[in-house]
Each structure stands twice: as structure tokens, then as C-alpha cells.
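Take a look at these structures.
The two complexes that follow have subunit A in common; it is paired with subunit B in the first and with subunit C in the second.
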Partner chain A sequence: MANILHIVVCAGIVPDPLQTLEPVTTPAGPGLKNEMVLPAVLDPWAASALYEAAALAAKNPGSKLWLVSLGPKAKLQQVMMTVAQKVAFELVPIDGPIGGFPDAHSTAAVLAETIAALPGLDHEKLLLFGGWESATRGAGVTLQLVGERLGITDQFQGVDQITFSDDGSFEVLERVEGGKHQVSVCAGAPAVLGWATGNLAEPRNNPQVGMANMRTIMPALAKAKVAKLDANGLSYLSVSLPKQQRTTRVVKDMTPDQIAAELVEWIGAE
Partner chain B sequence: MGTATVIEEKIMLTLPGDAVRQIQWRFADRFDLQMLVQSARGVARGTVAQLVAAGERNTHEWTPGKASMMEAFDRAGITAAFMEPEEGGFISGPKNLALSLAAFELAWVDGGAATASLAGSLALAPIHERGTPEQLKHYKSLSAPPQPGEDRKTWRGSFVLTEPIPYVGVDTGMLSGKVRVAEWADGEEPWLRVDKRGRFITNIAFANFVTAAVGSDDPRIKGSCFVILEETDEGVFDHGTPTKKLVHQLSSTGDPIFSMKVPASRIVGGYTIKDGVIVPNYSHSEVLDAVFKRTRVGVGLMSAAKLLSAVEPVIRYQRQRFRGAEGARPGSVRYEQGIQQREDALHRLVDVWATGEAAASLGFATARLFDEMEPTEKLKTAILKERGVQGGRAEMKALRESEQRALELLALDTQDFRRAELEADPLVQYVLMDAEANVICPATKLWNTGHGVNLLREAVSLMGGYGITEDCPGFLGNKWMDAQLEATYEGPEAVQRRQLTITMTTEVFLALFRVWTTEMRRVASSRPGTGACTLASAMQMWLWTLNHLQKATDPTGGKLYHGQRQGVTFALADALCWLLASRYQILDVLELEKRGPEDPVASEGLEGTVQFLSDLCHTQAAAAAGEVSRICAELVFGYNCHPSWDEEEHRSCFLASELDEYEETMPGISAMAFDVLAADGSHPQKAGPCAGCAGNSDFLRMQNRLTACLTGSRLAKDRAAETVSKVMIPEALDYPA
Partner chain C sequence: MSTEAATTETPEIDRQTMEVDIACAGFGPATGGFLSTLTKAWTENPADPAFESRVAPGMPLQVLCYERADDISSGVSGVVTQGRAIRASLPELNPAEIPMAVPVKSERVMYLLDPIGASRRSALLRFGDRLLRAAGPLLGVKDHAFTLPWTPAFLNKHGGLVLSIGQFNQWIGAQLMATGLVQIWPGTPVSSPLFKGSKVEGLRLADQGVDKSGAPTDGFMAGMDVRALLTVVGDGPVGAVGQAIDERLGLPPGHAHREWALGMKFVIELPEDSNLENSPLQPGTVWHSFGYPEPEIFGFLYVHPERLVSVGIFVPSWMSDPSRTAYRYLQHYIQHPALWRYLKGGTLRSWGAKSLEESGKHGEPFLTGDGYARIGEGSGSTNMLTGSGVDEAWATGTQLGEAVIELLRAGKPFTQENLAATYEIRRRASWVERGAKEAENARNGFQDGIVKGMIGMALAGLTSGKLSLGAHIPPAHKQIRPFASQSTEGLQLKQAVALAHADGRTFHDALLSVRGWPEIPLDGRLLVTQQDALLLGGKVQAMPGFSDHVLFRDSALCKECGEKTCITMCSGQALTLGEDGAPAFEREKCVHCGACLWNCGQSPDGEHSNIEFHAGSGGLHSAEN
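Now for the complex of A and B:
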């Protein structure tokens, strides 16, 4: 039996990870060099949440899917040209700053307020989805805070799979240490699920889905509310990129086993 | 006293992104096109790049891997981009810009993939342009990918013109395919026998249907036509052997053979029966004109995409060239800048980049013009039909009055009250657009591919030995080779030049050209850094030369500007292409400067971006001016006989004894005289007395002026080079090598 779900996915936008990311100090605090000009993508973990949500909504006819996204309106529009082609959803844009540096509490407050005001949203059917991590600085608490503000206490992080039962309860697989999953059973909505990668491949672009989405996305972007995020006394002493070493080799015709063996050897040597 | 203009340095922050390109190429308000771009980009840098990296180009045969590319096109909406929403598409209205953008994105990675995307549309183009409503609905619906819930395969088509088999005496003007009446029962639809051999036919390995050009081989069928042949029709539908191409291996090409029986309803555009003869409503050449008028643009844009795609990998290669070497320690100039320490490396990349910008601007302007023109053309046909005028020649005759009105409009002052009336006349609008399109379409195809291939060679050379390996990031070696096919595809260079020599001399186009020259001077007065003034001077020289050559003769009295004299006409056509590309490049930068501030993303660092792109315009305008000056000078002076040392022609030379006498009254004259004959009749070691410039002093004045107009162009190039050395690029290329 299908469960009618109201799924809200919180997803920000981040600079395309292939770009050169160079922390700089801006008048508004830390940021990335040329951030506004860099091509952006939907935060990859949150994107997984969106695809899982769409698949879940498709399996449960009558369900609804909202994508709540906080970021500069113009960048959101650019990102939507790709994301809108992936799955059907209703965009709820909030025009605000880009990047991972705003205070998580301020961000959560704006998101919670927006979600609570969604017309037609049934709190008892609500599944709040998002990424458990972020490709930006990622405070790692925003989704939990949104859930708290919405009064949702059943929260799961590092989710890779949920399976619904006919009675509305669902089983959740959360990532834990050692490459294992913790299995929980939740009585039903409402709940917060911070997704890891899930199991689904990225859906292919489908311009027809995109055109259908765009009928609501463009008007929504036009009247997106502007959010000013308070710093709440948050300041950064220094910002730097994680240390990384890129050693690229071009190797062809290696078997998966050979690649795996080399990776294990490399990880062991670290 | 004059003052030098010192241009404040503004550096472009990153490589131009989507927001900038959408404004330049005028689709910032078209989210359907923006989505198509993203979709096509996903396929190009995903499926297509993986196929190329996996070596799928190393085979001529059609493979499952290559077939998966066509499926990816279907899923991404690239196949459906040609269809109307009711036919399974998602874009309403004209689609020239849409198809061009998709081809541009695919060619960014592989030209063969882009060709495969265009070839499907090309097969449908005869039906789209001239098919009956039933043919249109049937074949376009079948060629659209299945909708959710539909269980069928996408039909794929091939366009089968006639590529004559070489060395067998086939005239390219002849049609190799023949059509005869197979059966014709009283009161029933006739059945046709079609025999056709195709050569170098794209998409043929997997085609379910073809649109084939055939000539009548039966007195009961008049002239020629296009017919639609389906794979399941009675007879032979042999897909033929794959062509052993050196390039574009991701697209299928082969030499098919058809010998089939089909109903006469397969004649594209239908037919009527007059006095027992089947008269096709459209001859094959009428269909062909309509098809080729538009489809060449996409091919030209493929080369443009490849030039621009070379920029990022070359910059990365140049900067990282010495990393890892003992002498290049992190933080050192050698480590950070690599080859970009050297001006030559930067300047050559600026040339590649500037050409890519100009080629893209020219191509997209052409695609947009065709989109704009489509409804006007339909309106023109409807108006003329209402007046009882139908068919090519009758329409041309009927439009003569509109041509005069168009000329009147172009000559009017901007404030003249007649403007509004003339501008509102759809026939005048059609005439103006047609005159422009008939020139810039072949110009796109000719210049983008022909000159583009030369600059792609330059890009390859900038990667050193790496450039001609399979591992070269950006597949630059492939792109260079592929461009040679693009120069031939859909009509080789000579065909484009031939068309240009006719269309560029029409009264309407030349009037437009004069307006454009004035426009460039006006641009120059407000935006001197764009090179618009240089371009205007070069345009003036081109026009003067054309006028001169149209009247001039060679020493034997033969006309210089003549259809058979391609040494003159084709060279002038080449020169014109340089000018056009440069003009549209400048206009695109002006558009960005005007609209950029309204876009929050494009406005970030806009000054630097505009400055850099303007410097590229200036560099390109200078290159165009140089080419035009060289070509025009050769044409103006090259057909005069050089004076010789014979009795007749050295009569004007000084004798040494004369000079001695003159020296007494005009000291120093000996130093000024070059052509002096000694008492024994001997002369200086050269071809003959120096040629005079009688009658051509206007040209020399113009050439002097044009040379002076190059002032500042190298400073612009230096500034552009500086930006190339500093602009931020991504950490890695977003597709595999």
C-alpha cells in the first residue's frame, strides 16, 4: 500500500568541485576567490537526497516533493537548468548568500520558517531530507537544527537507504564505522534524514521534465524571498583548504581487482 | 597636442562562464535552450568523452559503444530538440539556435558526436522544410524518442544526396539516383521504382529511413524530387560498407545502395498529376536549397567550439609544464607560470582564442538570424501566395519592388518618418534578412572551418609533442584533424565561396555592408578599444576593391570580377569572411557590456571580462585588416603587367647622362631615382622599372590609413596575453582524456 509522503529536501548550491577553490577574506567574512563567477552545482550529498526523494515519491503516488534551496537567486537559476531536468519537484528558493560560512543557526531558522509556511504541507507526512555532509565548509548541524525547529525528533544521519512498510513505518540504513550500516526502524513520518550517497545513480537529464519544472521554477525564483542571515557573533580566525596531494597517473586496462589492490596498498601506506 | 589613451588594466577573473555566454549569444532569456546546453554538455563530457577515451574512434564500424551515444542523445533531449512539443519535442518555434548550441556543446569534446546529432535532423530537414503535413507528422513523431509509457524504438534517418563516385566521370551537378514508375493502376496511387547509390552518407549504419534525391528516368515523372525510403519497403535497402574515415569516427558514414518500390506518396512535399505525368510539388534542388540554407551553420559552429575548448587545456599545460622538474621549485616563477613566462606562448594562444570567439559570434549570429527569419519567410510566402505568386523565380521577380524599398530604408536618416512604414513591411524585412543570411551562412561554414583548422593546428602545436598523442587533454589532435572534414561536410569550401561570390554582390547586401561600416565607425567612437575603427577601415577597403574589380580588366581586356575568375572572386569572398567574423565578435562584446550589469552572475568582474574580450576583438580586427589589406592589394595590383626593360616601357626611366645634367640644377636627384639606364643600356638588377600606381592612388591612401589604424592592436594583444597568464582556471578538465 502506498504511503502519501510530503518530502522536503533542503539543498544548497556549492562551487563545482573541479574548480580552483581559494579561500579569501571578503568584506562579509571568509569566502572563496571569484566564488560568484565560478560555476555552481547542487551540493552533491543533498543532490543524492533529492534523487532518493524523487524515487520515493514516485513509488508512493500522491506524494509531494519540495526542494528548498538557499543561495543567490541568479546562481540558483543557473543550477536549476541542470537539476530541474533530473526529477520533478517544486522549487522553494530563498535568495541569500552563497557558501558554507554563514551561521548554521541563522540558516536553520530561515529554512525552518520557510518550510513551516509551505502551503499544503502536512507535518504528519513530512520527511525532511538533506545531505549529512556538504561540499562547502559544512557545519554538519544545519539539517538537525531545522528538524529541531520543526519539532521533529526522529533524526537519522549518513542514510544510504530507507524501506517503507505498508503501515507507514520505515527501515533506515545509516552509515557507521567500518563500512557497516546501522539498521533502525522508525514508526513513520515526520522524520529527518541526512543522506550519504544513497544507492541511486544520478538521473539523466530530461529536458521534458525540465520544461515541466520550469513552469513553476521561474515564477518561484521571481518572487523568492530575501533572507539576511545574522552572524550571531560567529567569526573565523582563519580559513584554509584541507591539505591534499594530487598524484595523477594515466593507466589503462587495469582490472578492478588490480585497482582495488593498489588503493588498499595506498591507504595502508598513509 | 594629442594625448595617449591609457587603458586601465582590468583582469578577467575566470574563463567566461554560462552567464556571460548566454548574454553574448542571446539566449539569456531562453531557459529551454539553457537546459538543452546543460543536457548536451552532460552527454558530451560524460558518454562521448568516455567513448573517445576508450578508443571508440579507432574503428570505422558502428559499435554498441557508438550506438549508446545515440541513446544518450535520446535521453538527454538532443534528438527531440528538432521536434515541436506536439511531435515529442520540448522547444517551440524555430530551432536553428537550439541545434547549433547542442552541436557546439558536443563538438567541445568530439566533432563526430556533434555530426551524428546534426545528421538525424538533416535527414528530417527535407520533410521539415517541404514535406506534406502527413509526412511531417509521421516521420517526426517516429523520430522523436518514445514518451513515458510508449514501447517503440526511435527511428533514425539519413540524408542521401549524391556524392559522385570519384574517377568515373560523374558530374557533381548530376543526380545518380533514378526514379521510374513501377506500377500505375487506373484510379490508384502510382508506385515508384527507386534506384540510388549513396556515398559518404552519415548515420547510414543504423538508418531506418532515408530521404534520397532522385532524378526522373521516366517520361511519366517530371524532373527530380526527394523520396522517402524505409528499411522495410520492398526491395534492397543495403546500408553499405563503412567509409574508412580518418576523422569523425563517432559518426557512422557509409556508401548505401537502394533499389526499392515505394508508393508515390513518399515524394517529399507530394505531387500532382498533369496530363498523365507525375509532377513533384518540389524539385530536388528546391528542397535542397531550403535544407542547406540553414544546416551549414551547425557545422561551422563545431569548429568554433573546438577552438574555444582548446583554451583551458592549453593554459593548464603551459602553466604546469615544468612542475616536477628539479629546477622548478614550488613558488618559483618557473613552477607557477611554466611556459607562460614566454610572450610567444601567450600571444599564440590569444590568436587561437580570438579566432574561436569570432567564429562563435559569427555562427551564433547566423543561427539566430535563421530563427528570426523563419516566421518572416512564412509570412512572405503567404503574402505572395495571396497575390498569386508561387515558386522560386516568380517570387524573386515579385520581390524586386521590396528590394527597392529595402534599399530606400537603408539609405534613410534615422529620424526619417518613412522608416516606420518601411520597417513594418514584412517583405522588406524578409529581403533584408535574406540578403544577410545568404552571405553569413556560407561565411560561417567557410571561415570557421577553413581558418579554424589552421588555428587548431596552432593549438595542437602549443601542447608540444603531447598535442598529437591520444592522451592530449581536450583531444586536441583529434579536433584538428576533424576540422578538415568539417570544412568539407555539407559542401566543400569551393561551394561556399561560389555562393558568396554571388550573394555578396547583391545591391541589398552591399547597402547593408555600407550601413555596417558606418556602424563600426560609430562603435569606434564610443568603444575605441574594440578595434571597430580598424575593422571599418578594412571594410571600406574591401568595398572599394570590389567596386574597382567589377570594372577593371586584365591586360588582355578580360573582366576581373567574373564567375569563371575564381582567383579574384574567391579571394574577395575569403576577405569578406574575416570582416564579418570580426564584426559579429565586436557586437557580441557590446551586448555583454550592455546587458551584463543586469545579470548578478555575469556582472561579477564584468569590467575585466569585457576588457579582455574587447582586446580579443581588437586583436582579431587587426588580423582581419591585415588579411584584407594583403588580399585586396594583390587583386588591385596583381593583374597589372609589370613594366619591363624593353624599349617601350623603359621610356620613362632616367638615363645616367641625363641625371648628371639634372644634378647641377637639382642637387640630390640622383639619390631619388631608382630606374636609371647606363649609357650602354644596362639597367639595375630587378624585374623592370618600378610599377606606377596610376589610378590606384585611392587604394594606397586607404592602405596607408588602414596600416595606421593598427595602432594599439599589439598593446591590446599584450593586455590579452597578460590576462591569459593570470586568469583562474579549474583544477582539472571536466572530461577525461
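Now for the complex of A and C:
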């Protein structure tokens, strides 16, 4: 029997992790050099949450899926041209800063307020999805704070799998130490699930999905509300960049032991 | 399998279909110009019934653009451009709003002497070099470089812009999409046009969930057919759609795609301790060079704001050396004393390469046909005398945009006749066409060497094309001189092959080493291996689930081929020497420069090379190019 779910995925955008990221102090506080220049992507952990949410919604007809994303409107628009081709959702954009440095409480307040005001959202059917980590500063607390503000006490982090039963309860696999999962059973929505990677491959780009999404995304972007987040008074005490030196060699016929020994030596030298 | 065949050989696959008014293949400056013109007129008068969809009555015009690269900012190159067409379309343009953009401040042209002695210079050129060195103190030769006392007018970009096309595309793309009138979809390769006879009826997107050969696997998703009243072909010189149209409908009599160059460049962050105030490398500085690392290779250096410079080389198809390459040459180029003085200690931020179609008018396809129009570099708009392509491409896009608006308002269909009477007529009457005619024969002399080539270019440039040298340009595959197996070259080739197999180094790297070029002193920051440049500067990757886009028509020809120039010229090391003697292709390392297409010394039909270059996913992921 299908469970009708109202899934809200909170997903920010981050500079493409392939880019060279260099911390700098900006007039607005800590930031990244040329951050607006860098191409952005949907935060990879939150992207996993979105794909899992879409699969869950597809399995449970009548369910709804919103994607709530806070970031600079122009960047959101650019990222959506890729994300919108993956799965069907309704975008709820919030025009705000990028980078993960704004205050988590302030960010959570804006997100919670926006989610609570979603037309047609049934709190009793709400599953709040997001990433348990982030490719930005990665404090990993915003999703939990949003859940608290929405009064949701059942919270799970590091989720890799969720399996629903006919009675609306669900089993959750959360990552724990040692490469194992903790198995929990939750009586049902509402709940907060911070996703690790999940088990689904990144969906293919489907132009028809993109076209369907775009009918709502562009109008939503046009009227995105502006969020002014509190500065949190953060500043860099020290910044240490990883060495960018690359010294690739092509060596043939090395044994696994030799490779392991060289890796250990290299790590030890760092 | 030919590209054309791909459109008709799989009728059993059930494909999704979508109807739109206008479908564009490729998002670059030409499509940017087209869409800017269209949206500008649209936003000025949203109620204009001309902009009502014909395929979805009651809806606005349905305009879609599909771009192969994973982001509209990826996979393109930095330029200096006069920018007159861009400024005409965007009169309020403020370069300060576009990252890495800056007005041109100063220009110089330098002849670079060979400080190493490894360059292949003719006796005549060596004699000239000796004279220049002897007269050096009088002529101001410094750091093995002679700066011309003036920049020829035809090269002059005064008043223009230094741009990162990646950043420019990102900037203009954001504005276009913000209008809500057009959609630009990245990460969506277009495999072919949809033909009905000689009419183009839209685009077929690439299949996903397939193996290397294109056979369906898990998660197969057939590429959608996007049926369009007008198909705008702006997918560049090696784009699958343009190639398929050329293949099916042919080129105008006497025209052929025979002249090419590979442009490869680094984006370098100058050292933090650079004394920029006293440096000649002020933002907006433009240097052109010739003479080094080989006489046939031209070079450039453009200075962006924020201590960034773009520095690169062009390796032309008329460089007959079968071991021609780019990455290693670029490393030698930046180490020339005239440049190294400023670049030493810098950091490689980005890297990229692309093929340039240098046939100009000689390679111009039919600009219009029933249901389609060609714009940009793939339409032969690049001016090879002035070394300018972006502005011309943008201009052709705006001309098509104006033509389409005229036809929409007149309620006329997009037939060849109507497109010729509106788009082609505008283009023929414009400065793009005048420039193309002036440049038509400007490079004729280069087939006979650099000295004759420079004379021919100067002749055409200084007489606005009225005078030029005559020439017969052979097909690209015939421009590659075969190795003479009994010669020193042949021995060097064998040594290089042995070296490549022995220590795993790349073939082109081994070839240049055995030819006497010094090893590159890798520093891990600026001078890095090509493998590292793929990850460090180019951030190259590819989505899984797409087929190989580089195919070899006849593998027997590849095995017999003694030169294997496709491997030495491969920008991304995606082509390597296979154990069976044929090149091996790794899709994940391809930067989609298309160099393999014209760096193949074999031909099954006398005109085309033995390599097919299809639509593919992935490539560069740097926005700083």
C-alpha cells in the first residue's frame, strides 16, 4: 500500500568540488576566492537526498517533492539547468549568500519558516531530507536545526537506506563506526533524514523531466524571496591549504605491497 | 558507422519526442548572439504576436538550446576580441561585471628566437636568426625576443576586450535564462540532426545508458527527438550536427574543411611577489608571438585582472611534421626567456584546448537550408587574417536573430529561400563577409613554409586582401608528411616508441625528447605532467553511460599508420599507443578539442580522415578558460 508522503529536500549549492578553492576574507567575512566565478553544483550529499526522495515519491503515488534551496539566484538558476533534468520536483528558491559561512541558526530559521509556509504541506506527512554533510564548511547542523524549529524530534543522520512498511512506519539504515549500519524503525512521518550517499546512481539527464520542471522553476526563481542572514562573526584564525603539487609517475609492474609501502611513506611525509 | 547512418539505423528504438519552435545545437558566442537578439526584441514587446509559439498555440515561442559540456562555462577558450558586435548587442556592457574581462590596453608582436637549439628551423631562418642576434643591441633584441616596432593594423585589437569565454558564456547565459524566454540545457550532447530528405527537422539527443559501442546497457535511455521548425546549428567546427549536415548535403563547390589549428593554453596565476606596478603585464596587455617553439607555431599571452594570464600556442595543420604536438611545446613556450621572466613561480589554474577551423571562406558550408541555419565558427566565420573568431561568431548569431524576428513577424516559414533572403543577405552585406573575403587567401603561403607564409599574410593584410599568394591546399591528412623509415626521423620514431613502451611516458613526450628538446623540469605547480594538467587545470571528467565519441573508420589503416599523429596531437592523452598498434581511446580523458579529426594521416576516401568525431559527454570542467 502506498504511503502519501510530503518530502522536502533542503539542498544548497556549492562550488564545484573539482575547482581550486582558496579561502579568503571578504568584506562580508570568510569566503572563497572568486566564489561567484566558480561553477556551482548541488551539494553532493544533498543531491543524494534528492535522488532518494524522488525514488521514494515515485514508489508512493500521490506523494509530493519540494526542493528548498538557498543561494544566489543567478547561481541557483544555472545549477537548476542541470539538476532539473534529473528528477521531478517543485523548486522553492531563496535568494541568499553562497558558501556555507553564514550563521547556521539564521539559515535554519529562514529554511524552517519557508517550509512551514509551503502551500499544501501536511506536517504529519513530512519527511525532511538533506545531506548529513556538506561540501561547503560542513558544520552539519543546519538540517537538524531546521527539524527542531519544525518540531520534528525523530532525526536520523548518515542515512543510506529507508524502507517503508504498509502501516507508514519505516526502517532506516544509519552509518555508524566500522563501516556498519545502525538499524532503526520509526513509527512514521514527520522525520528528519540527513543522507549520506544512499544507494542510487545519479539519474540520467532527461530533457523531458527538465522541461516539465522548468515550467515551475523559472517563475519560482523570478519571485524568490531574499533572505538576509546574520553574520556570525566568524573569521579565519589560520588557513592551511593542502599542497597542490602533483607528481604523477607512470610505474609499471609494482606489486600491491610496494604501492602500499610508498603510500605509507608519502602519508608519513605529509 | 557514420554520423548520418546513426540517424536512420535504429528505427526500432522507441524515442521520446518533443515539439519546439527553435532548437539550437551548442551554446557559444554565436548562439549567445542569436539568443540575445531574440530575447531583446521579445522583452521589448512581450505582447508581440510574432513571439507566440507555432507548435504550442497560446504559449510563448518555445526556444531550447542544448550544450554538450557539463556547464555552459566549461570547455571553451580565452580570447582577445575587438568586441564590436558584442558591444553593439550589449551597449551597456561593463567589462568589470564579467570576471576575467578587461579592455585591451596595449599590444605587441614578438619574434622569438630559439634559445635552446632544438627548434626545426630552415637554413634561411637560421641565417636570419644569426643576423638578428648580431644586430641585437641595435634592434633591441632582449631575452631572445625581437619586438616588432609596430603592431600591424590587421592584428590590432585596440578598443577590444580580453575575455575568458567560459566566464563570458556564464555571464551571458545567466542573463538569457533570467528572461525566462529561452532554456539552455548543459550536459546534453546532440548526436545528429533529424533529416527529412534535405530538410532538417530538429535534433536527436545522444543516447544514455549505453556501452562504448553505443549498445544499450542497464538504465538505457534513448536520446530524445526534438522536432523544431528551425534548427540553429552553432555547435562549432567539430560539432556532430554541423558535420552530419556537411556529410549529407555536401559543401558548396570548391569548399572543404582542410585548414585547422589546435589552440592550447594555460591560465596562470602570476606569483604573489610579482611586482605588477613595474611589470609590462598590466591587465589588458596582449602579446602575439611567432618563431618558437617551432617556426610554424604562433603564440599569445593575454593579461586578465587579478594576476591571471592566458598563455598559449596554435599548432596548425600546415605544420607538416608528423610528430606535431601541443602540450609539451606549450611547456617549452612558456619557458622562453621573454615569457618565463614573468611566469616563473606562477601556478597553473586552468588549461584547455580546442580546434580552430582555419579554412575561412574556403570551408564555408551552405549557410541555410530548409529548416536550418549555420552560425559561428562552424559556418566559416572565423577571420584567419586578423586571428579573430568570437566577434564574428557573435555577429553571425545576431544576424540570424534579426532574420528570425523578421520571418516571425512576417509569418513566413523557415525555408532555405526565406532564411537566405533574411539571414544570408544580412551576413553577406556585413563586415563579417568583407573581412572573410579579405582573409580568404591570406594564409596561402604557409603550405610552403613559414617565411613564404608570413610574406603572403603581410601581403594580404596590408592590401586588405587585394593581393595574395596562390596555393593548392591539400586535404588535412595529406598535409602530414610521412616519416621516412630509413631516415634519422624513422630511427627517432622507433626510439620514441621504445621509450613510450619502456617507461610509460606519452608518445609525443618521448618523440620530442629523442629529437633533442630538453626534459621539462617539473615543479608540480606550473610545469606539471599532462596527466596532472588534466586533473589540476582542466578538471577533466566524463559522465558514465555514453558511447565513445572517437571512432576509427578502418582499424587496419590505423595499424599500418607509421605516424600516428592523432596520438601525439591528442590534447588530453585520451589517445594512446595500443598494444596492437592501433590507437586506444579513453573517453574519460577527452577534452573534446577535436584535434584527432584532422590529425590523422590516413583516409579511406581521399578527403576525410580515418577518424570520426561524434557527440560526447564530459570534458573540461574549468570555468576560467
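As a convention for this text, the second predicted complex is superposed on the first by the 231 of 270 C-alpha atoms of A that agree within 3 Å, B and C clash if a C-alpha of one lies under 4 Å from a C-alpha of the other, contacts with A are read in each partner's own complex, and residues count from 1 in each chain.
By definition in this document, contacts are C-beta pairs under 8 Å (C-beta built on N, C-alpha and C of every residue); 3 or more make two chains touch, one makes a residue touch a chain.
Given the structure is predicted, the values throughout are model-derived calculations rather than measurements.
S.K.: I'd like to know which partner A:T20 touches here: subunit B for first, subunit C for second, both or neither.
M.R.: After superposing on A, A:T20 lies in contact with both subunit B and subunit C.
S.K.: Quick check for you: in the superposed arrangement, does A:P72 touch first (subunit B), second (subunit C), both or neither?
M.R.: A:P72 sits against subunit B, while subunit C stays out of touch.
S.K.: Once the structures are superposed on A, label A:Q85 by its partner contacts, choosing first (subunit B), second (subunit C), both or neither.
M.R.: Both partners, subunit B and subunit C.
S.K.: State whether A:A222 touches subunit B only (first), subunit C only (second), both chains, or neither.
M.R.: second
S.K.: For A:N206, is the partner it touches subunit B (first), subunit C (second), both, or none of the two (neither)?
M.R.: In the superposed model, A:N206 contacts both subunit B and subunit C.
S.K.: Contacts for A:V251 in the overlay, against subunit B (first) and subunit C (second): which applies, first, second, both or neither?
M.R.: After superposition on chain A, A:V251 lies in contact with subunit C alone.
S.K.: Taking the stated contact definition, name every residue in subunit A that is touched by subunit B in one complex and by subunit C in the other, in rising order.
M.R.: Residues 16, 18-20, 34, 36-39, 74, 78, 81-82, 85, 204-208, 210-211, 214, 218, 250, which sit in both footprints.
S.K.: Note which residues of subunit A are touching subunit B in the complex, please.
M.R.: Counting only subunit A, the residues touching subunit B are 16, 18-20, 22, 33-34, 36-39, 72-75, 78, 81-82, 84-85, 204-208, 210-211, 214, 218, 250.
S.K.: Would you mind writing out the residues of subunit A in touch with subunit C in their complex?
M.R.: 16, 18-20, 34, 36-39, 74, 77-78, 81-82, 85, 201, 204-208, 210-211, 214, 218-219, 221-222, 244-248, 250-252
S.K.: Can you name the residues of subunit B that touch subunit A in the complex?
M.R.: 13-14, 17-19, 31-32, 34-39, 42-43, 72, 75-77, 80-81, 90, 471, 599-601, 604-605, 728-732, 734, 737
S.K.: Under the touch definition given earlier, write down the residues of subunit C that touch subunit A in their complex.
M.R.: Interface residues on subunit C, with respect to subunit A: 16, 18, 64, 66, 70-74, 99-100, 167, 170, 173-174, 177-178, 180, 183-188, 205, 208-209, 219, 221, 224, 226, 306, 347, 349, 503-505, 522-525, 528-529, 531-532, 535-536, 539, 541, 545, 621-624.
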